[in-house]
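Each of the two complexes below includes chain A, the first together with chain B, the second together with chain C.
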Partner chain A sequence: MNGLTWKYVLRRVGIYLLTIFISITLIFIISRAVPGDPVETMWRQLEMQKGQIEEIDVIIDHYKTLFGLNEPITVQYGKFLWNTIHFEFGVSYAHYPTPVSTMIKNALPWTLGLGLVTMFIIFLFGNGIGAIFGWERTPKFIKTIIPSGLLFTSIPSVLAALFLLSIFAKNLGWFPLAGAYSNEVTPGWNWPYIASVIKYGFLPALSILMVNIGWTVLGMRAMVVTIGGADYVRLAEAKGLKPFYILTQYTVRNALLPQLTSLALSMGGLISGQVLVESVFSYPGMGMLIFRAIREQDFPVIQATSFMFILITATSVLLIDLLYPLIDPRITHGGE
Partner chain B sequence: MHKQKRFFSILVAVLMITAMMISSCSTAASEEKTEESAAVSETGEEEKADTGTQPGNYENATREETVYFDAYVAHADHANWNPFITDNLRDVGLQQALIEPLFMLNYDTGKIDSWLGLSMEPNESFDVWTLKLRPGVKWSDGEDFNADDVVFTVNMFLAKAPDLGADVATWTASVEKIDDLTVQFNLKEPNPRYQLDVWSFKIWGDRNSIVPEHIWKDYVDNPLGFTNYDPEKGWPVFTGPYVLSKFTENEYIYVRNDDWWGVAAGFQDLPAPKRLIWIQYGTEESKAAAMINNDLDAMANTSLGTFESMVAENPNIIGWESGLPYGTIDPCPRYLSINNQHPIWSDGNLRKAVNLAIDRDQIVSIAYEGGTSASISIFPQYGSMDQYNSALEEAGLAAPKTADVEAAKALIESSGWALNDDGFYEKDGQVLTMSILTIEESMETRRIGDVVAEQLRNIGIDSQPQVLSFGAWLSAQGEDDNPDDDFEAAVSFLCGGVNEPYVTLNTFAGGADAVKGGMERWSGANWEAFRSSVAELKNLAPGDPAGVPIVVDAYEYIAEDMPFVTLTQASMLTPINTTYWTNWPTSENPYTIPSTWVQSTHLIIHNLQPVEQ
Partner chain C sequence: MKSRVVDRNSSKSEIAEKECRKKTFKSSPWKNPKLIIGATVLCVLVFCTLIGQFIWDKTLVNVGSSPLNLPPVGFEYRKQIGTWAHPLGTDNSGRDLLTLILVGLPHSLGIGFVAASIGLVIGILFGFSAGYLGGRVDDVIRLLSDTTMNIPALLILIIVQSVIPNADFFVMALLLSLFAWQSPTRVLRAQILSMKHSDYVKLAQLSGASDNEIMFKEIMPNLLPFLIAQLTAGTSYSVLVLVGVEVLGLGSQSKPSLGITLNNAINSSAILRGMWWWWGIPTIILIVVFMSLLLISVGLDEVSNPRLRNQ
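Up next is the complex of A and B:
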């Protein structure tokens, strides 16, 4: 199995399942530890905003029963655990009777689309730029220019989003202020729709990219500098191999491994970092969904989206761990 | 060398493709802009032919024919147009363009204007109400809107409460059809406000919308499970002058129905806008940018700072007033809720001292930057409430606008408190404190809390604001039925009556929970007397002049115990863009309130006129 053993795979999958189990439990505990009753809060808020609601106490009790909130806490936990592992997240409190799974189904493709494309670009260009930045043969003027491009790394993505929105959407009018595609196109596999999606997703993607690419660049640069002094690189140089060949085949290949780990770990952070960016651009992804759910105290949605973020991150890390030996033949698990 | 060249070629290709994609997007944007500009600048037949202004084909109406409204909350499930789900879908055009109410409350006059309903009259004891429907009303699919639809809908509510129509079921025993246009409601007990509270637009929308029997009869077993959406069948079907055209992830588009019943029935002409779009922008900054760029015609509530910055960049943006406070008042005045069961604050003298210590004009100038007015009473200061507010002023019961610090201190000292070396009142080694709960999500309550706490500290009460999430704020005030909650005070808001005082006063009479007497947990002899006055008021029709002295009586009990302290009228600043559309409601043309998320937006849409370009 190219360095993998069944024992290792089973142990790693076991840790993965344990992580998921602990996460579900924590999500359950945290959501119930928050002060206030979510159903009561929602209805009282509704009453305060939209005028007196007759028999509001009866309505609140009715919905608490309907949502199972009047059951013993152990029963609630058991049901929550069972339903969550079956991807049954119940119905939204704030948008009853819309199933949470429908809301996630509507939002997830946008977030994955935006997040994966952005992550791919960050990985491709970040590592490329980082390699050039760290390579000793790169001209000095390029090494001087590159850091200025990383200026946005130190600011929150929401500020980058507001900056881009102000310049390119409000002042120049090159890009739309909000949304995911134009109302003049028909969703489907057609070019006007795809072009519209790219156009509408460009600024949100750029906001995330500008803030996140710097870490990849710096990480890759550090790895290239470190590996540049390794024995096998010196041997390659002594053998007379071309410098660029050494960079791509020896240095970058080896430097990519920790970058892959970092990529997996950053999945959750990247997606959760999209929350505010999506809300700035009213981009209809998971970030917007969780942002709205927090504002509406819609606990089933908050629980479900948190679970999805954890699941994506944990799964990415698991996959990377299992793929490692396939990527790098030197790595073996199980002491073989 | 060959591999190095190949690498750079690939790199250059990737960069070029990216650049081309960006360029094509920008080009597409410019082309769209150019086309749009052409449509704007050109006049005559060619423009009309190109832009789909043919009757019944308004999907591609021009910018000049379209009104863009701010949808401040997006819908969760775009393919669900059921008006009874607990969603904010109604805000995004459903109740402003599609669903018409039976009746609509006029905030200025206090009268109930007719719409789908022609009249609704009670018997002498207010326990039988007769509804007369307007003749000639039709659903958007051409079917008649008649008594059968009303009876069907009411019976559905009665069968399915409290999932839907909870207030209908609370009051209604049965409903019967008298003829095609007449329906009789038999109530469980007398209710003079039945028409207003159950069947009229009052604050947000008529929650009990009538639905077409010929469609909903197939879904009566599970009405909440019915999506009410099928474009091939022309669903959703309502009576409004617009029909749903389409929606995207953040836009809801409606086009005018030129066969709208109102024209043939002689009710109203067709509204001028051919297309209405409710569009959701993410943040206040992006909404403001859209207003400045003329991409949005009406924005939901905004802050004074944002409004002023918008006006500076686009002079076509206006408010309700042409100067400060720019906005109009919101139906929910702000007040200081005090825990009357708290060991310290159960002393009425201390609560009265707080009332005197507060400088309401200062709250207006600091917390609102002049963007609202001080409250006279706990009631919203709409024209329809004038008779009550004036009577309270004449009786000397109005809240003072400025502070009387000496009188406040004298009241505190009369309860045995004395100033300590730190400048705070102290008794038996205990410092007089007041923690004021404010809402994290509400900048307004936080600002008010800051100013009030500062004013109280100035007279010797060690007061601090405490910011909580809305849920925690509610919970801390005992909404979880815990009588031991020891909150001291909270900046609160009350959306009660807007044309008569009963609903507001009933809140303090323990309308929801008589044991607690509301969040303030007011109790005692004055509260009992207050409750009697409110019970008397309950039996009078809204606006009955006989209610005025009763309100004054009730307010005298409030003044004696001061269970809460009124603060300010809430500000509602709704920016309007007059670039493409005119005749919006303003203080000089107050035909309705300017909120475009409530159902009275129907009036705005019918009044809008295109600006001559």
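Up next is the complex of A and C:
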């Protein structure tokens, strides 16, 4: 069955659903944990800051019914759960009456695009470079670069983003300072637009890439070194196969599997990093949405965007985990 | 180091013996250069900030306590020349950057350390029970850690902090510890599983030691470097999340910190205005902290796992 047993799939999907359920519940509990009523607190605060608001009680009551805050807590929870899994997040406070789902729909493609491209590059190049570093035939002087690369991995991507923005966008002026594409191009499938998107996305992608690729390189290098001594590699050598063929077809192929697991494990960190990097570059993705919503105290947007990020993380980990046994026939899950 | 030993290989047994003794002394696993460098840098940094708090005027963190937009000593920015009164410069609302670092760094590191310690204690309890006792206990603990592991701490903290804006030291540490126990639990469980069937554990079982005695008196001392490595990695992770939340503009505004300084710098477009010291100095300090924490944990991993050495 190619190692993908029903028991494994069920357990994995079960954990996925449970993760989503726990997150929604956590968000619900946290948002209701504040003493007093969020709508009332917000409007009273607004009244204190901006002066008298006419018919404030009517407004508060309207919002309370709108958000269902007059109902018992269990009903509220049920509705919250139902709405969240249908991506109904209500309306934004700061940009009333824009539905939060519309804001997310506009930002989601940017976040997914940036994230997927970076992840793909990290996996492809990280493993490629790692394999070369670990290979016996690679010249020694190349291998000595490794220890300095290790230190890079500890820098949070947001700090790298600040440096890149300052050097390449502010001082050298090679790249734009903010945004996702130039005002002069019309969005669509045309070359100027695509070129502009790549140019604007380059620095954000680079800041995520340069700090996260290190772990992939190091992991792959260690795997290649370990597998290099395995019996089947020795056998392949004895058979007289070309060394590069052995590296790609024997060593790297087997090393890719654990690398996939470590990619799944690092997904949370990657995505959290992206939230911050988007804020630094004012990239119009969901990270920027959170950053702006925090400044505007727009709670529905903060909650919805955080939930979407949690959903993306959990889903991508699930996909990688389900991919894993499909690639590796040696592993049979749940067969103990 | 290896080649030096080979070079000096002498036919005289006396020298060889001496050399051998020297080697075992030199290659004591705790004399790991990564560990030593990382720990030294971190200790010096923490020591300096703690001493600095007594020497330097702490009220300079307050808004308007210093001149605005002052560059560091030896630099000039918009006709203002840096002075020794504010060696690292000031921000656009008159806060002294040196004071921000002196007060902010121990605070952030402290929160991270407490969070990681709580996480490690939970991790020890869960990991040991799951690995040693197995069965139902193992199932429940694994389910708990598997389901919560993929929730990024940063996002939950964003939601919490947006509702409770002024969380204090221990609330913050507790919140962070909710996401700091999964990794130690998993790693320790795996370690226990591999040690469970070793001879010394069997011997202890035969001599009638209880489960608790075996877990904490026999197995745990062997995992000491491993536990400290987990603690360092946990501290680093918690500080990372903390800084992330602060960069986004959350976290206690009454207490100065490096993350909030960065948020102020981003919001006031310090980069565009060319005030490099405002965002650059906190960034460099944070990078040094993260690098030394990484060196410590990698060094400790090498101490506990001989196979990682000399790679």
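Here is the rule we use: the second predicted complex is superposed on the first by the 287 of 336 C-alpha atoms of A that agree within 3 Å, B and C clash if a C-alpha of one lies under 4 Å from a C-alpha of the other, contacts with A are read in each partner's own complex, and residues count from 1 in each chain.
As a convention for this text, a residue touches a chain if its C-beta (ideal position, glycine included) is under 8 Å from a C-beta of that chain, and two chains touch if they have at least 3 such contacts.
On a predicted model such as this, the values are computed, not experimentally measured, just so you know.
J.: Name the contact category of A:Pro97: first (chain B only), second (chain C only), both, or neither.
T.: A:Pro97: touches chain B, not chain C.
J.: Just checking: does A:Ile15 make contact with chain B only, chain C only, both, or neither of them? Give me first, second, both or neither.
T.: In the superposition, A:Ile15 contacts chain C only.
J.: Does the superposition put A:Lys170 against chain B (first), chain C (second), both, or neither?
T.: both
J.: With both structures fitted on chain A, tell me whether chain B or chain C touches more of chain A's residues.
T.: Looking at chain B versus chain C, the one contacting more residues of chain A is B.
J.: Please work out whether A:Ser279 is in contact with chain B alone, chain C alone, both, or neither, and reply first, second, both or neither.
T.: both
J.: Applying the document's definition of touch, where does A:Arg295 land relative to chain B and chain C: first, second, both, or neither?
T.: In the superposition, A:Arg295 touches chain B and chain C alike.
J.: Could you tell me if A:Thr41 is touching chain B, chain C, both of them or neither one (first, second, both, neither)?
T.: first
J.: Is A:Pro156 touching the first partner chain B, the second partner chain C, both, or neither of them?
T.: second
J.: Of the two partner chains, chain B (first) and chain C (second), which one does A:Tyr77 touch, if any: first, second, both, or neither?
T.: neither
J.: Contact-wise, after the overlay, does A:His62 reach chain B, chain C, both or neither (first, second, both, neither)?
T.: first
J.: For chain A, which residues lie in the overlap of the chain B contacts and the chain C contacts?
T.: Touching chain B and chain C on chain A: residues 34, 38, 162, 165-166, 170, 177, 279-280, 295, 297.
J.: Spell out the residues on chain C that touch chain A in their complex, using ranges where they run on.
T.: Per the stated touch rule, the residues are 143, 146-156, 158-160, 162-164, 236, 240-241, 243-244, 247-250, 262, 266-267, 271-272, 274, 276, 279-280, 283, 286-287, 290-291, 293-295, 298, 311.
J.: Write out the stretch or stretches of chain B touching chain A in their complex.
T.: Checking each residue of chain B against chain A gives 1, 3-4, 7, 11, 14, 21-22, 24-26, 28-30, 33, 60, 73-78, 80, 85-88, 162-163, 166-167, 170-171, 197, 202-205, 207, 224-225, 246, 248-251, 253, 277, 279-283, 285-286, 289-290, 292-293, 295, 331-332, 441, 468-476, 479-480, 493-496, 503, 507, 511-513.
J.: Tell me, which parts of chain A touch chain B in their complex?
T.: Spelled out, the residues of chain A in touch with chain B are 34-38, 40-42, 44-59, 62, 92-98, 102-103, 106, 110, 124, 128, 162, 165-166, 169-170, 173-175, 177-184, 195, 198-199, 202, 242, 244-245, 248, 278-284, 288, 292, 295, 297.
J.: Across the complex, what residues on chain A touch chain C?
T.: Chain A residues touching chain C: 15, 18-19, 22-23, 26-27, 30-31, 33-34, 38, 150-151, 153-156, 158-159, 162-163, 165-166, 170, 177, 222, 225, 267-269, 271-272, 275-276, 279-280, 290-291, 294-295, 297, 299, 302-303, 306-307, 309-310, 313-314, 317.
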